[in-house]
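Read through the structure below, which is laid out as structure tokens, and then see the notes.
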Amino acid sequence: MNILDVQNLKTHFFTEAGVVKALEDISFTVEKGCTVGLVGESGSGKSVTAQSVLRIVPKPGKIIGGKILFDGEDLLAKKEDDMRKFRGKKISLIFQDPTSSLNPLFAIGDQLADIVIQHDRVKKDQALEQVIKTLKVARLPDPEQSLGQYPHQFSGGMKQRICIARALLLNPQLLFADEPTTNLDVTIQAQIITLLKDLQRDLGMTLVMITHDMGIVAEMCKCVVVLYAGHVMESGDIETIFEKPHPYTEALLKAVPRLDQTRKLTSIPGNIPNLIDPPSGCVFHPRCQYAINICMEKVPPLEDVGGSHFITCHRWRELQGGR
Amino acid sequence: MVALRRNKNSEKTMKRGASQWAVAWRRFKKHKSGLFGLGMVIVLLAIAALHTVIAPYPARPAPDSFKPLYEGEAAQPPSWKHPFGTSVMGTDVYSEVIHGSVYTVYVAVTVTLITMLIAVSVGIVSGYLGSYVDDVLMRITEIFLVFPSLLFILVFARLYQLRNPEPFWNIFGINVPAGLTMVIVILSIFSWASYARVIRGEVLRMKETEYIQAAKSLGASSRWIMLRHVLPNTLSQIIVLGTLTMAVAVLLEAAVSFLGFGDPNTITWGRLMEEGLQDLSTVWWVEMFPGLAVFLTVLAFNLVGDGLSDALNPRLRE
Amino acid sequence: MGLGKYIARRAIYMVPLIIGISIVAFLVMYAAGDPIQLATAGNPSITEAQRNALREYYGLNDPIPMQYVRWLDHFVHADFGKSLYGGRPVNEIISTLFWETIKLQLVSILLAFLISLPAGIYSALKQRSATDYTISSIAIFGISVPVFWLGIVLILVFSFQLGWLPSAGAHGAPYLWPVFGIRNETLDELVHLVLPATVLTLAGLAYNVRLLRAGMLDVLRQDYIMAARASGISERKILYKYALKNAITPLITLLGISIGYMIAGAPITETVFSWPGLGRAYVAATLRLDFPLIMGITMIITIMILVANLITDMAYAWIDPRISIE
């Protein structure tokens, strides 16, 4: 069963320089209890997708179209106040930078307890008990002592544990983790990945892992959604995708160093396109090694390839057959 | 075909990275109030440059010649002949405001130059060299920050007034008002401190960036790095602060003159207001129009400053 | 480190600053000229012998270092000496004028602070709305307008033209200003405050609003605000609890600075409104080189600035846990 079904989501940022088409046409589903990787280069729209699902896209961004079905309910049709009750309670988000996502002027206990109080209307001491319990789950040493401490008194890894606890406080059904390890040291990264993996398994949560790291995807995820310039390039099972990738995914995979293979690493030529004035046709065509005329003229649809594998490419038939 | 497309895309990226100043100017051009302020500044400069042509009457021969200049026309309210009225001494306020614009421009430009010169040198040297140089310079800066500056400006200005020096210095054939220049120096001495701190902060942030580290690892000398890398990169900050300094300088000089501590030999806008204050109830126009001129000038600099700060620090803009 | 120890250390650090500033003030003042000469210049009947007797009486004939040490000795015993004009003790002059200045300044600073809170927050929240443009425009006018000119315009309109409000002084006694026909000392005092306090409030308000608006805009863009929103915290709480505390810190500094510098900035307004305060007394004292009064007011202001700085730093440390008063 799908806990999240995003259909044709469109989010634009109305800046002075022009309209930034951050999300142009995003469709994907997330199966309950599954770990899904949301993959793409920076600027591809991964974070905005998570923000759109929670409807917390910062100004001057605006969701201007599509549907977001969560457990069958359309989140975009909800009133703001009803939507607020979903945030943190049913859907949570872990941010990329634990340092900037914790308010520097408030004690940890205070910040976290506020969330419990807001949703469950409990007394402060009850809320704090819940906070301590969750901090233990996130394996923060000495949770009782931490309550009165301020964010700057913790290390980066500890802060990220606190942020994970903040997201888990009310046992959400769906958890987005927005590059939760990018700003951490390598050794800490592994600990946080292990923690998230264990938590997902133990709590039976649905986890959407936003990352540009194919290694993390391979290690954690069952399914992958690949984004590029506000479009879904492909989505599906990790095995299928690694075996028969979209040209963009193929390029991404070639850019990952692997210990078990000796081959040349290649980077993807060019940059992510200007989202104010995106390329015509397939957004990836200027960088695609397989691009032909049709690719710059016509926008390819997201097609069902079979085996719950979806792909956006004019040439998928010949390429998948030919390789 | 495909190759062509790629080129087009890379061209776009190139154009964006071409020149940060061109980008800033394009952004500034969209800033309506900033442009308006710039227009006002240009008008002020034009008036100052052409003051002898525009003003219907010549400047006073001597500041304290109390002989009515235009017989029978003292204390006249604004009219077609005297748009801003005449003073009790019979001078044409409109002409005097026009002549005064020269001093205003002089004050704005020189105070800003001196203030920024001190602030930038102290800020960059202190921030970049660090250690004991930083300690010493910052202690000095702190002392200037806690100085009750307006009071000291007044005492210093009074000192110069009473010492009664020669009224003008002849520099390259131009009569430079000595008293006003001293007021300018005094104002500058008491305004650089907070700017030096801002610039030091900027330099400290920049010091950690990779390109400065790279320059250092390539063996560039401190002086070279400060002049070729640090200074150009703090330039946008310096320009914004400089514009705001112009506004503050014009305001402060007017206040000092208004309180009676200005250069007795130059008829600045503040000085005109000081002269008229006693007769406020009868000749209100003597106060109104010079004050309005100060206000509009300061407003113009502040509008330009706001526009520049938006254009040069896009982070603050959506 | 304990709070008491911190304050003690800061106080010790202030001593050289106070002495340094007093020396500079002393030297500049003496370099400016001879007050006796200045005071008697217009009076031909006074002989040089009489002038010299006056100088002798006020101790102005002694070498400057000796005069300074004598002044310092008195200063340490909280005595600022006697005014050269009329011989009134400076302590007495300052204590009568002090409260008039403080009253006017404090009312204006607090009003400016209180009004700027809703204005700055609203302006930032509704960025680019008509209200934001209005508030921002008023603010830029407010920082550009010369306070003395604004004061004069208000006097022209509300005193001379309409006759509603008094144009000068802090009290009307013995002729109390009628407020809606009622003559009463408190009302008289309040009505005298209206114009000067309006001018000062507008000027302060403009700075506060710009600072708060910029701070608020910056804070609202931070990740921790988005994180609070993502956790389902209500907008109200995000704004008034999480955002405001972050945005208000620079304003607290500005408040501290304004309180510290309130007398230092007083000369202009007090001159326009003939307000019987320290600022106007300072202008008069400087014009006539009344040395003891100049020194007295300078020292009071310096000490106020230093103490206000100390209190501001402490308030800062109290608000922001990242800063410790080491």
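The chains carry the letters A, B and C, assigned in the order they are written, with residues numbered from 1 in each.
Keep this in mind: a residue touches a chain if its C-beta (ideal position, glycine included) is under 8 Å from a C-beta of that chain, and two chains touch if they have at least 3 such contacts.
What you see is a predicted model, and the numbers here were worked out from it, not measured in a lab.
Averaging Cα atoms per chain gives one point for each, and the point farthest from that of chain A is the centre of C.
More contacting C-beta pairs link the chains of B-C than the other of the two pairs A-C and B-C.
Centre-to-centre spacing of chain A and chain C amounts to 54 Å, using the average Cα coordinate of each chain. Each chain gets a centre from the mean of its Cα atoms; for chain B and chain C, those two points are 24 Å apart. Chain contacts: chain C has residues 127 touching two or more partner chains.
Of all residues in chain B, those touching 2 or more other chains are 318, listed in ascending order. Counting partners per residue, chain A has 59 as the residues that reach two or more other chains. For chain B in complex with chain C, the residues that touch the partner chain are 33, 143, 146-152, 154-156, 158-159, 162-163, 247, 251, 254-255, 258-261, 273, 277, 280-281, 284, 287-288, 291-292, 294-295, 298-299, 302-303, 306, 316, 318.
By the touch criterion given at the top, residues 17, 20-21, 24-25, 28-29, 31-33, 38, 127, 140-141, 143-149, 152-153, 155-156, 160, 214, 217-218, 261, 264-265, 267-268, 271, 282-283, 286-287, 289, 294, 297-298, 301-302, 305-306, 309 of chain C touch chain B in their complex. Listing the residues of chain A that touch chain C in their complex gives 51, 54, 56, 58-59, 84-89, 92-93, 95, 97, 100-107, 111, 114-115, 118-119, 150, 152, 163, 166-167, 169. Taken together, the chain C residues at the contact with chain A in this complex read 127, 221-224, 226-234, 237, 241-242, 245-246, 319-322.
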